[in-house]
Structure formats: C-alpha cells, structure tokens
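Read from first to last, the chains carry the letters A, B, C and D; within each, the first residue is number 1.
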Amino acid sequence: MNNSYGEIIKISTFGESHGLIIGALIDGFFSNLYISEKFIQKNLNLRKPFTSLFSTQRREQDKVKIFTGIFKNKTTGAPVLMLIKNNDKQSSDYNNISLNFRPGHADYTYFLKYKFRDYRGGGRSSARETACRVASGCVFKNLIYNKGVIVRSYIKKIGFLKINFKYWNYTLNRFFSNLLFINEIKDIINNCKNSCNSLSSEIVIIINGLEPSLGDPLYKKINSTISNYLLSINATKSICFGFNFKNKNSFQVKDEIKNSGFTSNNNGGILAGITNGQPLVIKILFKPTSSTSRKIKTINEKLKNITNKTYGRHDPCVGLRAVPVIESMLYTILINKILKKKIYE
Amino acid sequence: MNNSYGEIIKISTFGESHGLIIGALIDGFFSNLYISEKFIQKNLNLRKPFTSLFSTQRREQDKVKIFTGIFKNKTTGAPVLMLIKNNDKQSSDYNNISLNFRPGHADYTYFLKYKFRDYRGGGRSSARETACRVASGCVFKNLIYNKGVIVRSYIKKIGFLKINFKYWNYTLNRFFSNLLFINEIKDIINNCKNSCNSLSSEIVIIINGLEPSLGDPLYKKINSTISNYLLSINATKSICFGFNFKNKNSFQVKDEIKNSGFTSNNNGGILAGITNGQPLVIKILFKPTSSTSRKIKTINEKLKNITNKTYGRHDPCVGLRAVPVIESMLYTILINKILKKKIYE
Amino acid sequence: MNNSYGEIIKISTFGESHGLIIGALIDGFFSNLYISEKFIQKNLNLRKPFTSLFSTQRREQDKVKIFTGIFKNKTTGAPVLMLIKNNDKQSSDYNNISLNFRPGHADYTYFLKYKFRDYRGGGRSSARETACRVASGCVFKNLIYNKGVIVRSYIKKIGFLKINFKYWNYTLNRFFSNLLFINEIKDIINNCKNSCNSLSSEIVIIINGLEPSLGDPLYKKINSTISNYLLSINATKSICFGFNFKNKNSFQVKDEIKNSGFTSNNNGGILAGITNGQPLVIKILFKPTSSTSRKIKTINEKLKNITNKTYGRHDPCVGLRAVPVIESMLYTILINKILKKKIYE
Amino acid sequence: MNNSYGEIIKISTFGESHGLIIGALIDGFFSNLYISEKFIQKNLNLRKPFTSLFSTQRREQDKVKIFTGIFKNKTTGAPVLMLIKNNDKQSSDYNNISLNFRPGHADYTYFLKYKFRDYRGGGRSSARETACRVASGCVFKNLIYNKGVIVRSYIKKIGFLKINFKYWNYTLNRFFSNLLFINEIKDIINNCKNSCNSLSSEIVIIINGLEPSLGDPLYKKINSTISNYLLSINATKSICFGFNFKNKNSFQVKDEIKNSGFTSNNNGGILAGITNGQPLVIKILFKPTSSTSRKIKTINEKLKNITNKTYGRHDPCVGLRAVPVIESMLYTILINKILKKKIYE
C-alpha cells in the first residue's frame, strides 16, 4: 500500500493541504490503552514552532479529533481514525502559479504520473500531510519512553553554518525559544528571508536506551526500514548511520569490545542491521526549499517558457520543520521493531 | 518477509557462506521468457574481479543451476529456483575466532538476537549471500536494457583517494583490468594489505534512460525503496540522492525547466519521490571491513576480554565487491517500479 | 493489515455501529477518474431494502461524503476517504444486555481478545460496518461493467424454503418489491417475526463475462481470495464453488471441451484456481442471526448464569442484507485480479 | 507473493511434478530450535498411504533434505530450505495427452494464462507439490502439540457412501490399515478402479485444545485465513465451518453459555472470526479427480475436437490424499495465529 507504513501497527495517512481535512488511520494497535486527544493535540502544537517561528507564516489550528476505535478514552482494538480540519486554505496564494510547474517541486512529476494538476498548494505532496504522521506517531511516544528509549534530534547545520555543540544539550523546545538569541542563526535566517532564499540543513538524531536485537536481516534491517520511512519526508536528500566513515581506514573506526561494553560507537548502535544496545546515531540532510519568492525559470502546462514567482508563504529552512516528523516516524518504526522481536521471545 | 524484496516480482534469498548451498527464489515473474544458466553464470563471473582482484583470496566457483520454473529454457510462470553450490568452505580459517565476537561484525548482534553462534565465517550475515542477489537480479537486466535503461556504477573514492574522473568513462570491466596500472590505486591497496588494514569507499551510480513517473508516494517513493534495499548490503553506512546539497542555498541548486528540458539535474532525477526522466544519481558510502589480520580487542562468549586476530581472508576495500550487487538490486527495483506503473496505464 | 483487503487497490474500513462515523479509505486507485457522491449514495440506498424491508427496523440515513483524494470530482491518485455519519445511535436498545454476553455474537470472543467490552450494539463487529464495503466497492462497479462483467446474486433458500427458480430472473430490486406478493416468503418471514425467531439462508452469485486467466496459483487462486473476503462477512458459515459435487463420481461432473466451448460448467468457471471464461458460480450459506427477543441462557461479565433477552431490533434473515455487501466485495476482488493480470500483458 | 503463505512464519513452495526437485523455503522461523530431517521424513512417509494405498500407483521416495538455515541440527533464524528430489518422473505416462487439454485440469487455464503448455503431468498444478506443504508444515506440528492442540481429520464420505462414525475413533493410520477390512469402502474403491471412475469425498477436521482469541477481524478472521489456504488445495470445491446450518432457524442452532462453559458447539469453535476455546469444526468437499482412463471429449492445442484418454496413474478418490496436506497447512496457520496473538500480550 503506497500510503501506509508499519509492519505490525500500520499507519495510513491521507488528505491534501488545501482539501477539507487531513488525517491518519491506525490499524493493529493494542486494545485497552488510554489515548487522549489532549495528548495528541499537545504534540501537534509542539510542531508549530517548527513551522511558524522563522518559518512559514501559515497559521493552522491543527485541531485533531479521534473518531473511531476508542470507547471511554480507551482503545478497543479496532482501527483508530484521527482527523485534522484544514482551516487555513488560502488557495489564492497559489493561484498565479496554477498553470506553472514550480521547479524542485512535485508539480511536474505528479502531472506526468497522475495526468492531473492539483495546484492547490502542493496537494498531496505538500509537507502539510506530515502533521498526520506527527498525530499518529505520538500515540506510541509513551510506550517507547516507558521502555527507557529517548529520541532526541539536534540541528547540526543550517546552510553553511555549523551549530555550536553546546546548544545540543538543550531540549528542542528550549533550543527554539533561544534561537532568537543565537546571533549567527538569527542573522543567517533573516538574510535568507530578505533575499528570498532558503537553506539546506542537517539534522542529527540520537536514540538512547534502545534494546539490542531489533532489526530483521536481510531486507528488514533496522537501517533499511529507517531510511525507507525517513527518506519519504519532503526535501530529504541523504541519510547516514553512525559517525562519518568518509576517507577512513579500519583502524580509525573500529569499535572494540570489552566486558564492560563497547569502547566506541562509530557504528552508531547498529551492526549488521541489528541494534547492539548502543545509542543509534542517524544524520539526515535536507535540501533548501524550492518555493521562494524570487523569480525562477520554468514552463507552464502548455510547455511555454515563463518566469515563475511564488507569492505564497515559504520556508527559509524546511529541515527545521521536519524534526517532529522524524521523531514521530521513529516512534512508529521502533514500536514495530520492538513488537516484532516480542514474537520470538 | 525478512528475506524477500520486490513488490511484484519477489526475490527470496537463502543460504550461509559456509553451508551447503546458497540461492534465490524468484516469484511472480513472467511466463514464456527465455532465461539461461549461461547468462546468469556470465554475470556471476563478472562478480569475481570485484571479489578476488586485490580483494579476498577466497576462490568460489559460483556455479549456478536453475532447478524449477523453466521448461525448455523458457519460464513457465512458476517460481524459479537457482542454486549455487559452496565449494570453498574453509571453516578452518575461522576456527580460532569461533568463540570470539569479531568487532564490527554481526557476531555480537546475531548472538544476542538468535541466541546462537554460527561461527562459520559469518554464516547468513556474510557478504557471500550477495551472490544470490546478483544471480537473480541479472535475470531482469535485459528487460531493463530493452527499455533503454543503462545502470552504471563508478568508484568515486577509495579511502581518502579520489578517483580521477577520466576513469569514469571506462566500463567497469576495463576499469578493473586497468586498476593495476593506476598507480595511486595500486599503491593504496597494497599499503592496505601490507598493514593489514582496510578502507572505506564511495560508489556513485548513474541510471540513464529511465522513464518518468516511477515511484509511488508517499511511502513507496523510489528513493525510499532504493535506500531500503541498497542499505541492506553489508558495510553500507550512507546513501545520498542527487548532487551534494550540503551547505547550500536554493539559488545554488535550483533545477530550472525550459521547454527543451531541465537546465540542470541537482535533484538527480527524482522529484517528490518520482522519477522525472533525468538521470538518477545515487551515491553510497561503505565503511572499511572489520575483519583484518591485525589484533583487535574483543570478548568471547564467556565475556572474557581477549585479543582477536582473524587469520581468514579479508577484503582491503569491501565497497568494490558491492558494485555488481548494487546493480543487480537496482534491476530488481526498477523492473518492479516499471511493472507497477504499467497497472495504471 | 487486519482491516484492509485488496492486493493492488486496497480498501481499509473503520468505525463502530454506535460510534460517531463509519467509513472507508481507498488507496492505490487510478487518477483522473470521475467519482461522485451521488453514485455512491445511490448504491448505499440500494442496500436499504435489504436492511429494512422485513428486516431490522433500524433506520439509518447512510449519507456518504468524500473528503479526500478528489479535485473537481476527479480522483487525484491520492487516497480517497469516504465517511458515513451514524445518526441512529440507539444505545438504549442494548443497555439491558450490556453486561451479558449475547450468545452467537462477538461479545464473548471480543471480550476475551481485546479485554474490553464495547456493548454499544456490536461495535466493530456489527454488520453496520458492511456499509463501508458497499460504499467503497461500488466505485469499481462501472469499471467492471465496462469490461462486460455482470455480477448477479440470487436468494436460493430462506430457512427450509427453496425459492422458486422463476424468481431468479428478476433483478434483485424487482425481486424485493415483489417479496410481499410471494406468499410463501411472506408467511415464513412473518412467522419468524412473531415467534422472535430467525432463519438461515443460501445466496447464489453468478458472474458472467469474466475474462479467463484471472487468479494466481498457488495461494492467490481466485477461489482462495473470494472465500477469504466473503467469509469475513458476518454470519457466513460456508462457501461453495461450482455446482454441488456431493455424492458424485467423475462421470457425473465432467466438463468436456469442444472447439465451440465447454459442454457444461460444473466447475463454475474456475479450473485450478484460474477463471476459464465461463460463468463463476458461488454459493454462500448464512446462519440465522443470534440476536432475537426470545430468552436465551448466557452469562454476564461476572460469570453468573442469567437469562438474556435482546430488546433491540433484530433481523429475521440476516443473509438477505448481505447481498449488496457480497457484490461490492466482489467488484473489489475482480478489479484487483484484472489489474494484476494486466501487469503481465 | 503468489507462492507463499503465512503472516509471520512464511512458507514458499516451488517445483514441478516432473521437474528436477520440489521443495519449500521457511522464513521468519525461530532460532535455536531442533529440527531434524528424520522427523520431516517420517511425516512425509505418513503421506504415502494416502497416496498409494488404493490410490495412485506412483511410487515416490520423497526423500527430503535440509540445505540451509540449520547448524548442528538447530535453526539459526535464517531461512530454511528443504528439497525433495523427484525420482519417479514417468513423463511417458503423459505423452499421448501432451497436446490435449485434459478436462477438469489446469491445462486449459494454465495455457491461456501463461501462454505455455507444460505437459509433464500437471507441472506446477499437480498435487505432487503438496508434499512441500507437508514437509514444511510438520516443522510446526510439535510446537502446536506442546500447546495442547490436537488436529484430527476424519473421512466423512467417499462418493455417496457415508463412513460409519465408529471408525472416527481410529487414528488415521489405523483407519487406513483397516480400510481393506471395511467392506463397503473396499467395494466402492474397487468398483471405481474397475470402471475407471473416481469419487468425491468429504473430510472433516476437528481441532481440540485451541486457545481462544485467535483470529483478527475484520479481514484476517481465522475462518477467512483457513478457507484461503485450504481452498488452494487441488480439487477442493467447498468449505464449511461449524455444523450444518442449512435449513435452520436460530432456536435449532443457538449455543447457550453457562458459567461451566458453552452448552453446545454449533458454531464450531469460532465466533465473529475469533476462536472461543471450543473445538474447531471444519468440513471440506473434494470433487472427483478428472484424470481417468475413460475416454472423454476435449480439444487439442490446434482447437480440434478429439477424444482423450489418460493412461497415467490416477486416483479414485483424491480427497483421501489431501488429509496430511490439510493438517500441515493448519499447523502453519495455527502457529501464525498464535504468534500474532502473542504480540499483544
């Protein structure tokens, strides 16, 4: 199924950015577990700083409601449907580009594939859909935490600017409230907005407390599954496991083992596709967003050369908004791997 | 299924490096197509330079035989079973390490997961299994070629040494026969062997002639599928699509469109997870192999600190042997995506 | 996935009978196809005579709305979400049995499995959910018809009463409007209602115009798939393909072949799991419904022996209401098999 | 995948009756479990009485060998490959019918679908393949038995002859060794062979000791899965769950519940697709085999009317040989359902 992921607990997402609603359907989940709209709402709101501060001005309410699969706040074992209403449908932002293919976007490939041009701001390809992954993924957040697993994301680079490691200690919330006071970041972001430009970014994720033996060779190794799902996030270009193995020889990167544990973790917690109990280290590279308000050469549906300019709201650094999405998808991947391992115990 | 891949035509591989046989089972293939053992054998032999020249001295015959699913050399539509006999079973190479966990290898994680130590030279986790992927994948090679698709792999880096671009014009065979005469490469490889070291490598794959519209958003995007399968290859650490997006802003990497085509291809042929008709550009990073004949600290099954030394044959640059494996898996991925697209025509 | 079916075009259904909504999500469908709520609404309304005439008095509006996956009435290729609001939520009907396990129903097994008792009239196990299968399945109805395929269902037996074959010529609608005038049926149904009883039934489905070569041996034979999906319908107990093979020898049931075609069709259009071009003949047996207003011995959640009496509305012959459900699921199965065959052309 | 079944532990079968070998590949199985060729061989031999006594004279050795996935007789967690060599390849038996489509067989439909005529005695469609299901399924037999589950098959009818219930107490082996002494059966079988005829049969399976809560609504109900797999067996025409619900009203078939348990078991151990702890009751109807040595009208590949006569060995009652196949597939289904339930504990 093209629009589902998860081997045991399966998430299906649906909805277009400028359609009526977006949402997620969770199948294969436990019964008799408390889930509350409040908790999911809180996590969705966590997504907002990443979408609005410095970023796009689009103001969504993202009000989520659970419609099926629960009774008196507990799951029944039946599929759980969550819906988020789209309030902020400013199709007008995008009207002037309706007949143009925005370079770097899905417009051209979606038109060729689906013989169809849904110009309403990206439609199904829009990053708005990722709200569904956050809403559904956070349902597993506590289950993961209760097993001692902590997922933390760090912004390593914005454009060419390397983020000072001392900021890596901050929780992501505090990091963002302090963003304004980190001068270099403030400057680089503002320059971007003023020059109608956007920047690449590198996000690092470290997962602590993960039990060993997760992952299923040969073709469902944990790094295979993680890359499959995380590279489905818009604007991702690259994924890397462990610390940088470029230009290295084996003496430089060997992880020796003592009876007190591993002496290092170059491999980033994964050996032969299975977790070894050490922290997972994953790095993802995001390209700069392609919607800017600068002029850019493209063609329209009649294949005529034109110059395009997006008047809509755009994101100077789209990688930042991806952080809650990455974490949510990781909760889903991890709970699935943990349940899969349980089968054989 | 942990040991299968492919959405329509499915490949299952099996067998251990020091077991009796290894092989592949192909299900969902066309009927009435000629396939010959000779052709598969030829492709398997192409794998040998990558495994023996400069590399491991292990000398496999890799003689393949088709046992089911054909009649008078044509496929019947039933599953096709290919078997390769293991002749070169030198378990003795590995005996002294049987109770030790070789760092960087699957030993430790496989022991934890399967409660079982198959010390016969890596067993199921060994790179030997990749011969099965080559044998099965090449069945689709001609189908892909007949559609005008050409898959080419290039070695970009060995250790810190960047390979001169002029060599990128060589077919891979010619490249390898000339390797000996490329002094820098010769030197770096020999140094490695003499110092019992091994090197990382970067492989670039360029795919020309691929039709647009391949790939299925949101979770079966073509980059998702490719990363899922290619990162299942031993020693892979990173995958990257398109040209380097690090430290960039959008002006530097925009692919403008004219009615004569795209003006550039930074995105490497993929937009929003769907091919756009331009060449696919994929880069994979391999870590240095962990089996060297240098001493390395580890523990044995009784959790006692010891020093380990592999007397077996090892590979100074494991990325090189992966090239035919990458190409074979790509044939399988591409034929599946092409057939999937066919459904909707 | 427990709550999805369909190999290429996948339907997921969700919702409980006395929850807020029920619905279906269609993934993998064509783009650029017209679908309208009116057409789906019409088909849902066709379901009503089967649910209300003679049958349960529960009066649902079954008003369907499409929320995603369309733009200007055409499919975009993205998942299509249909929702049906539950208006007629008379939980009070069921209150007096809330702590009792209704024999023959899902109550007992669902309680054991999900550790949870959703007493709201059957919840997820209720036949109400089948409205989702009708709503989604009819989307494929025209596609099937345009290929010359006609699916027709006939009621062969109600209780012990065999329906006169002459009525098999009627379209189902006409059959039902005439039901009142078919005395034997009228009598048997009324007796049922008066004595608070319910009856078994046998439904025969004949599919004409189906192309040969549909079905995928060995484990996705068309009879395997059909039985898998149709036996998921509530109250089904048996499925049979072809004409009755009981107590037969081979001379009695051989289908000889002439160059003008088959001389008979005992095998009901399927040979070795693949269609042969002849009409498919399928027969399904439904058990009598278990909810009646007669007293029946059972236990409550405290495992105390009690007598139960359902005051809610019940169905004297549940097999009748299944007819549109059977047909809808068959449209889904058939379109999937036809698309699967297309891959190999 | 067309040639695999099983949701967690997956079996893939392959091979043609007159090809080199047949076999099975088991993926997703436990590690560290003892399996021995002897045990599998013993179970395969159990299959022989069902295939040779009274039945076909084809004498296979059915010698099985395990090639991968084990080390020192214990499973490693890697895929397990079992191969059975075909010794008794009398293609000559079938030569005279090579250009004819044997009515009632797969010949015609396989020719249309695969554009290919593998006349070697049924090829992939032959019942010989079922040996693979027996070989793989018996691996799970002990696991099931250790959970207190007993699977027993009974022959209820051969042709029109109803088997006296007193024989239902015999284990199947003893039943068969006594077959010769059960006069009615002896007579009916001999008449068959003399008149070159064959008979239908009804097999009843009763499964005791199965835990409740197995089965996954809505589309992976246990009856759905069982029917899907069992109807893939050659010559099956019908499957029925529970006791006969034909011509019944609800008073006749209600299963009341007391705190001491159910008062009856008309539903045959399944409610709403989930086991309720009572014995499962399944009945399967087999058609008479179509290969007889009587003349029968058919066409050849040139579409010319001819008369066909099979000189090969044929089976007077093909349902009998299916018994070990049914049981093996049930072990596979049950272990999968049990493991699936384990996920949620």
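Convention: a contact is a pair of C-beta atoms (placed from the backbone, for glycine too) under 8 Å apart; a residue touches a chain by one contact, two chains touch by 3 or more.
On a predicted model such as this, the values are computed, not experimentally measured, just so you know.
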Next item on the list: Using the touch rule from the top, work out which pair, C-D or A-D, shares more C-beta pairs.
Entry: C-D
Next item on the list: Tell me which chain's centre, taken as the mean of its C-alpha atoms, is farthest from chain B.
Entry: C
Margin query: So the centre of each chain is just the mean of its C-alpha atoms; given that, what is the distance between chain A and chain D in Å?
Written below: 48
Notebook entry, point to check: What whole-number Å value describes the gap between the mean CA coordinates of chain B and chain D?
Noted result: 40
Check: How many angstrom lie between the CA centroids of chain C and chain D, rounded to a whole number?
Finding: 28
Next item on the list: Could you list the positions in chain A whose residues touch two or more of the other chains?
Entry: 2-4, 13, 31, 110, 113, 124
Item checked: Residue numbers on chain B that touch chain D, as the complex places them -> 1-4, 10, 12-16, 19-23, 25, 27-28, 31-32, 67-69, 71, 74, 76-81, 110, 113-116, 118, 120, 123-124
Item checked: Touching residues (chain side chain C, partner chain D) in the complex -> 1-5, 13, 101, 103-106, 108-110, 112-113, 124-125, 129, 157, 159-160, 192, 197-200, 202, 212-213, 216-221, 223-225, 227-229, 231-232, 234, 236-242, 245-251, 253-259, 263, 267, 271-277, 285-290, 292, 294, 296-299, 303-305, 341
Notebook entry, point to check: Which residues of chain A touch chain D in the complex?
Noted result: 8, 30-31, 339, 342-344
